[in-house]
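Every chain is named by a letter (A, B and C) in the order it is written, and numbering of its residues begins at 1.
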Amino acid sequence: MFEVSVKGDFSAAHFLRDYHGKCEKLHGHNWKVEVCVSGRTLDKCGMVIDFKELKDKLNRILCEFDHSFLNEISYFKKINPTSENIAEYIYKKLDKQISNKNLKVKKVSVWESEKSYATFLP
Amino acid sequence: MFEVSVKGDFSAAHFLRDYHGKCEKLHGHNWKVEVCVSGRTLDKCGMVIDFKELKDKLNRILCEFDHSFLNEISYFKKINPTSENIAEYIYKKLDKQISNKNLKVKKVSVWESEKSYATFLP
Amino acid sequence: MFEVSVKGDFSAAHFLRDYHGKCEKLHGHNWKVEVCVSGRTLDKCGMVIDFKELKDKLNRILCEFDHSFLNEISYFKKINPTSENIAEYIYKKLDKQISNKNLKVKKVSVWESEKSYATFLP
């Protein structure tokens, strides 16, 4: 089994509803994102998926988030823009873009800071 | 499935008994620790567990280690304070503090240096 | 279950055959490598495997790659020196050197850059 992982990032504002603590205030982060795609075999070039192709797909997804106010994105109007929910949202968007049936989006991790991150595993 | 991971650190002295090599001498490290908690669902705020809550739990555990001589901690009087044993000890302490039945401490990793770490998985 | 992971690195040139894009040109990277060995129990010293022993094994393998032209290494004359194939090659070499039946090489990851890496899992 092989996996390919790439990282991206975005800077955004957010706050959490129904939360008591620092995160209820409007604030922001430099978020880091890592996505992992797995496959049982390699293509004839020796790749699971081209790093460049996966990075391009990820960066197109992160464009929506970069320099935005996450709470105003329609997906996050009803659910909080926590790292957990952001990871699941990125997973859903990326999974739709992986048309090769031999590949699987295995996990998506979202770092809110150097010391804390959440992962979504389908 | 979701996971939440947070990092902490401590600085401590140790040496290894029954070992032949550099680690038999009294020395020390800036250790890094990462703990991972998993859950199948999110709470109504959109979290597995609040990053702050998990960091607070971890930091309270690491307080015992920070600026200490690990071999003098009672747990390590009979077994060596290797990264493997430190990881298991942190797991046991953290697991007792996770009262929510839907959450599980999935792994604890302990870095002795930038290039070497051990992980305990229950 | 315990795991021990160590990191190494090498600098090498490579290019990809049957590929259209930047990687078809001769170029190079500072590669990073992480190997993970797992075991159900610890030895009497409290280790899965000594960090030093695992690092020495890894560094001996990476010697062949460091300051080399990967495409000229015999293993890569017929298959491309992608991160995926490099990871599998390192796995095969390391696995042969782990004689303890209680230990298993669980995964090998190869970073081509800070933001992209491939993993081989047996």
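Just so it is clear, a contact is a pair of C-beta atoms (placed from the backbone, for glycine too) under 8 Å apart; a residue touches a chain by one contact, two chains touch by 3 or more.
These figures come from a predicted structure and were not determined experimentally.
Undergrad: Go ahead and align subunit A to its copy subunit B using Cα positions, then give the rotation in degrees, nearest 5.
TA: Between subunit A and subunit B the superposing rotation measures out at 120 degrees.
Undergrad: If more than half of the interface residue numbers appear on both sides, call it same; otherwise different. Which is it for subunit A and subunit C?
TA: different
Undergrad: Determine the centre-to-centre distance between subunit A and subunit C, using the mean Cα coordinates as centres, and give it in whole Å.
TA: Roughly 27 Å separates the two chain centres.
Undergrad: At which residue positions does subunit C touch at least two other chains?
TA: Residues: none.
Undergrad: Going by the contact rule set out above, which residues of subunit B touch subunit A in the complex?
TA: Against subunit A, the touching part of subunit B is residues 1-8, 42, 44-48, 50-52, 54-55.
Undergrad: For the complex, give me every residue of subunit A touching subunit B.
TA: 16-19, 21-22, 79-85, 87-88, 112, 114-122
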